[in-house]
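Both complexes shown next keep subunit A, but they swap its partner, so subunit B is in the first and subunit C is in the second.
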Partner chain A sequence: MATLPPGISNEVFSNALSRFEAAIGSEWVFKSDEDVALYRDAYSPERGEPTERLVSAAVAPDSVEQVQAIVRIANELKIPLYPISTGKNLGYGGSAPILSGSVVVDLKRMNKVISVDEGRCSCVVEPGVSYFDLHRHIRERDLKVWIDCPDPGWGSVVGNALDHGVGYTYGQYRDHFGSHCGMEVVLPNGEVMRTGMAALANEDSWADYKYGFGPYVAGLFGQANFGIVTKMGFWLMPQPEAYRTGTISVPKRQDIIPLVAQVNHLENQGLIGQPGFRSPMSAAQAREPELRALLEKEGGASDAELDRFAESKGIPSWSVELKFYGPEQTIAGSWEYAKAQISAAVPGTTFEDGVRYRFPLSPEEEAQVHRNHRLVDIGVPNLAIFTIAGGRTAQNPDNADGGQFYFAPIVPRTGEALLDAGRKMAQAYREVGLRYNEYYPTPACWHYRAFIMISSLPVSRLDPEINRHSREAYAHLAQVAAENGWGEYRSPPFGVDMVMDAYSFNNHALRRFNETLKDAVDPNGIIAAGRGGIWPKYLRDNEEDV
Partner chain B sequence: MTNRRKFLQTSLSVSALPFTTGLMKPGEYEGEAGSNIPVKKGIFDGRYAEGEAFAQTLSGFDVPLYELSDGDITTLWVDELDLLWRQKPVAIAGMTQFGPMFALEKLANEHGMQMMLRIDHQVRKDETIAHVIKGPVESIALAEKLKKQEVPWPALSAALLTHCRIETSRRIEQTVVTPGGSPAFIQETTNDALHSVIHYYTPQAIQEGHDIPWDGPLFSWVIAPVSKA
Partner chain C sequence: MKKHLLYMVTIIAACHGLTACAQGTSSSSAEVTQGKEVYDKWCVHCHGTGIGLGGGALPGTQQLAIKYRNSDIPAVLDQRTDMTPEFIEVIVRQGVSFMPQFRKTEVSDSELAMLNAYLTRNNR
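And now, the complex of A and B:
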């Protein structure tokens, strides 16, 4: 039996489904239990519980006109909609809505690559285009541009960007929303609007210049619910002449402070791609029982003790892999510059050259690279992450169904903040019975110029206790993050309000502003209720329906 | 690390395959002609001895094989299935860890295909394996028959996957228990690049400094177009 939208009767819902069928064809309205079940969040930490967010039905339009028709019907009958692109946002909700009972608008059939401009390094795509699709389109035409993709690469280029998703290559390209340029949106009243240069009658500059004229409203459609995006432009990275990597290692625990400062300076100058921070000392825990004992001893380990151990074993405390993209001569010089700067700042620094490629790769080179290299760093989508989706861990030893969701706060981009976050996060994790890498925490630098301290919490389809514990842990961690001024950059559905609560400056002025806009633009609250922590008025007034 | 071929020869006898013992003749359990899902590709994880044994049985049923490299489905998807399914959705089957099964199922859903038969091979402490079978009632009956004949479970699974009814009166879930220990993870993951990609997603074990959890439970499955009858 369908999970009805809150406040909607069977009769009204049936009428809505009939009208959706008339608008887009009955074969594209999914209402059977079997079809609707496909839209469950595969990684839901609320699976099987009363709070699990379930779909009432799904519709799959294939054109902007059909999206408009769906939106107009929904607006008239006050049916909540939840747009998804490919529905692969695993760990952050997947294909399920935030408001249970919503009708999913599945945009997968709108999958055209509208244009790719090699000279201007840009593209315009529909929401159903996956990273694999765009990559294949570019390769088939031998265009000298790269995509920047997350892993796995099966997600939507549009959908990932709209959730502020991230990638791996150079500079602003890995900020997927930041690298978008112009969009087309179906508004809650069914009108079509375009932003930036796409709003001009002649759309030739759609993917050149972001801002157009006047307020930059495009931001309202990222992690938000002011419309359904039906096209987006993106800046693409030109295929570089060459790519190389190099790893820099530093000996002592406190060396992270000058190391981060130097790497930030390299990134701020635009000389490197995504820094890949690691800790060999952290990895050594797996094979060094003496180190584990040191880290777990009562009262904690001192820097002196840890540094002594590291020195005795010849294990660096930290390392960072630097990636360089561009002309071969230029990046060779940048690597030499990086080595000189960092070795001057951190005594005992060591260096190791990594891979070096020139593009385009020959078929033989490509086969070799694809076997041995991290493909995302060179803009090649893959599914390698699923090689461990199902591995046993201490927290999920059966892991018969895999899955996790993410706690992803952003901390200030300094070494001091990293060490401080490690200490405080470890305490917070201990309080919920979990472990954390207290002494050598490393950030993910997916977003340009940001440190994301991401960790995962396990999800189980077999053991609801694991899910309950993970949810409680998340709530506690989100609270600690808020107290320390670390805001999450994305959130699983059940956490949207907790995360938005942290952005509380001036009595939550940001959320109040969002709600004011929401009430004006979407008075019936039909688009993606709850997205970005923004709830429509009728649900704010009746919190028990949420 | 033990020699893989030697391990297979000593631990999983080829002669135990159901079709070689006369338990099942090719074409047996067809029911009416064409009533079984025609599996066009059999996917297996060669890092497990049981995966190799499963593949041997599949090949005996004339199913083209695909061995995953380090459990990674990328090449299978990019070079074969993405192109194939755009033309026409066709059924695939496999014995893999959860991740490949999950990812292929999600990709198949986009082409109107669904999981038709799934077997969770749950290792128990008493040297038995509980095979939780979700699928056509006919598959359960076949599993019970082959279990009585003491067919090793990898071959049993292959037989079930290649004899999964297109249409069934009932889909049920039932557990069939066979002898068996924890699947033998006999080949280390060779792709160094995987280590650093996966690091970003730091399962708790990695955060604690333990090794990447390469080993995991195995699943057997059939993904096929949904019958429109």
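And now, the complex of A and C:
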């Protein structure tokens, strides 16, 4: 039996479904229990509980005109919609809505690559185009451009950008929303709007210049609910001549401070892609009982103690893998420059050459990349990351469960902030019975001007207790992060309000502004209620703040 | 309810895995060819023979290698000869472990039938 939208009668809902069927064909309106269940969030930490976000029905348009028709019907009948692109935002809601009872607008069938311009290094795509699809389109035409992809390649190029997703190459490309250029949006009244140069009646530079004229409103459609995005332009990276990596290691725990500063300087000059920080000392815990005892000792370990251990075993405290893309001679020079700069800043620095590729790789060469590197670093989508998504392991071979969601606060991109976050977050994790890498925390550098201190929390299809604990842990961690000025950059559906609550400057002025926009643009509150922590007026419970 | 669904998946898997009793189907070669295309689009990235992170197996292949460690069932999905269409449909439409379910806008019912034809082509 369908989970109806709040406040909508069976009669109105049935009328809406009939009109959706007339607009897009009954084949593409999913309303049976069996079909509706396909839209459950596969990684929901609320699975099987009353709070699980369930859909009432799903509609799958194949054109912008059909999206307009759906939106107009929904606006007239006040039916809440929730657009998804490929529905693979696992860990952040998947194919499910935030508001139970929403009708999912499944854009997977809108899967056209509108254009790829090799010379201008850009493309325009629809929401149903996955990274696999776009990569295949480019390869089949032997175009000399690269995409920047996130770890799971089945995600939507549009959807990932709209959720502020990230990748691995140079900063201007791996910030996926930042690399977008012009979009087409169906507004809540059913009207189609385009942004940037795409707003020109005879546009010829959709994906060349972001701003067009007037206010830059495209940002309103990322992690938000002011319309349904039906096309987006993106900047693509020119296929580089070559790629190489090198790893730099430093001996002492406090060396992370100058190491981060130096790596930042490299990145800020545009010399490297996403740096990969690691801690060999942290990795050594598994094989070094003496180190484990030191890290767990009452009162904590001192830097001097840790550094003595590291020196005695010849284990670096930190390392960072640097990635260079470009002409072979240029990136060789960049690597030499990086070594010189960092060795001058940090005594005892050591270096190790990594992989070296010239492009294009042959299919045979590409098939071997995962032996000692990662395909996502060279713009090749894949799904290998699911190796770490849970499931069976050698230690737990009968575990038929799996999945996770993410706690991902933004922390300043400095070594001092990293060590501070490690100490404070370790305490917060202890308070909810979890472990954290207190002494050697490693950041994700997907967004090139900030660290994301991401960690995963398990979900279960079988055990509600695991889900309850993960939700409670998330709430506590988000609170501690907020107290320290660290806000999450994305959120699972159950966390959107607690995350938005942290962005509270001047009595939640930002949220109140978002709500003002929401009420003006979408007065019936039909688009993606709750997304970005923005609720329509009829669902808000914070009116006293306004 | 969901516990029961997953339990059902496990039971089906155990039954067909251990007995390897699925019968060959009478699918046409065209269906098998089209099913291979569905497999290559949706399944092979996790269940193929490719190389995963660190030189290991791909995620789905790795999981099935552990699951069937004490049997002669191949870890690579399209090398198996023991799966029935019903079993494949349950896995595709409900997911299992960290594998999500697939919607009909991703794998349509007709594409699922083709996939079944491909994955059961060598059943004994």
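Convention: the second predicted complex is superposed on the first by the 523 of 546 C-alpha atoms of A that agree within 3 Å, B and C clash if a C-alpha of one lies under 4 Å from a C-alpha of the other, contacts with A are read in each partner's own complex, and residues count from 1 in each chain.
Keep this in mind: contacts are C-beta pairs under 8 Å (C-beta built on N, C-alpha and C of every residue); 3 or more make two chains touch, one makes a residue touch a chain.
What you see is a predicted model; the values in this text were computed from it and never measured.
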item	value
Partner chain(s) touched by A:127 [first = subunit B, second = subunit C, both, neither]	neither
Partner chain(s) touched by A:40 [first = subunit B, second = subunit C, both, neither]	second
Partner chain(s) touched by A:48 [first = subunit B, second = subunit C, both, neither]	second
Which of subunit B and subunit C A:371 touches, first, second, both or neither	both
First, second, both or neither for A:60, with subunit B first and subunit C second	second
Which superposed partner A:458 touches (first subunit B, second subunit C, both, neither)	first
Contacts of A:30 with subunit B and subunit C, given as first, second, both or neither	second
Which of subunit B and subunit C A:167 touches, first, second, both or neither	neither
Touching partner for A:285 - first (subunit B), second (subunit C), both, neither	first
Set intersection of subunit A contacts, subunit C complex versus subunit B complex	34, 38, 42, 86, 88, 108, 132, 154, 370-372, 374, 382-394, 399-402, 404
Partner subunit A, residues of subunit B touching it in the complex	69-75, 77-78, 82, 97-100, 102-103, 106-107, 109-110, 114, 120, 122, 189, 191-194, 196-205, 207-217
In the complex with subunit B, residue positions of subunit A that touch it	34, 38, 42, 86, 88, 108, 132, 136, 151-152, 154, 276, 278, 282-286, 291-292, 321, 370-376, 382-395, 398-402, 404, 434-437, 444, 446, 454-456, 458
Sites on subunit A touched by subunit C in the complex	30, 34-35, 37-40, 42-43, 47-48, 58, 60, 86-88, 90, 94-95, 106, 108-109, 128, 132, 153-154, 367-372, 374, 382-394, 397, 399-404, 461-462
Contact set on subunit C toward subunit A in their complex	1-3, 6, 10, 41, 45-46, 50-56, 58-60, 62-63, 66-67, 69, 93, 95-106
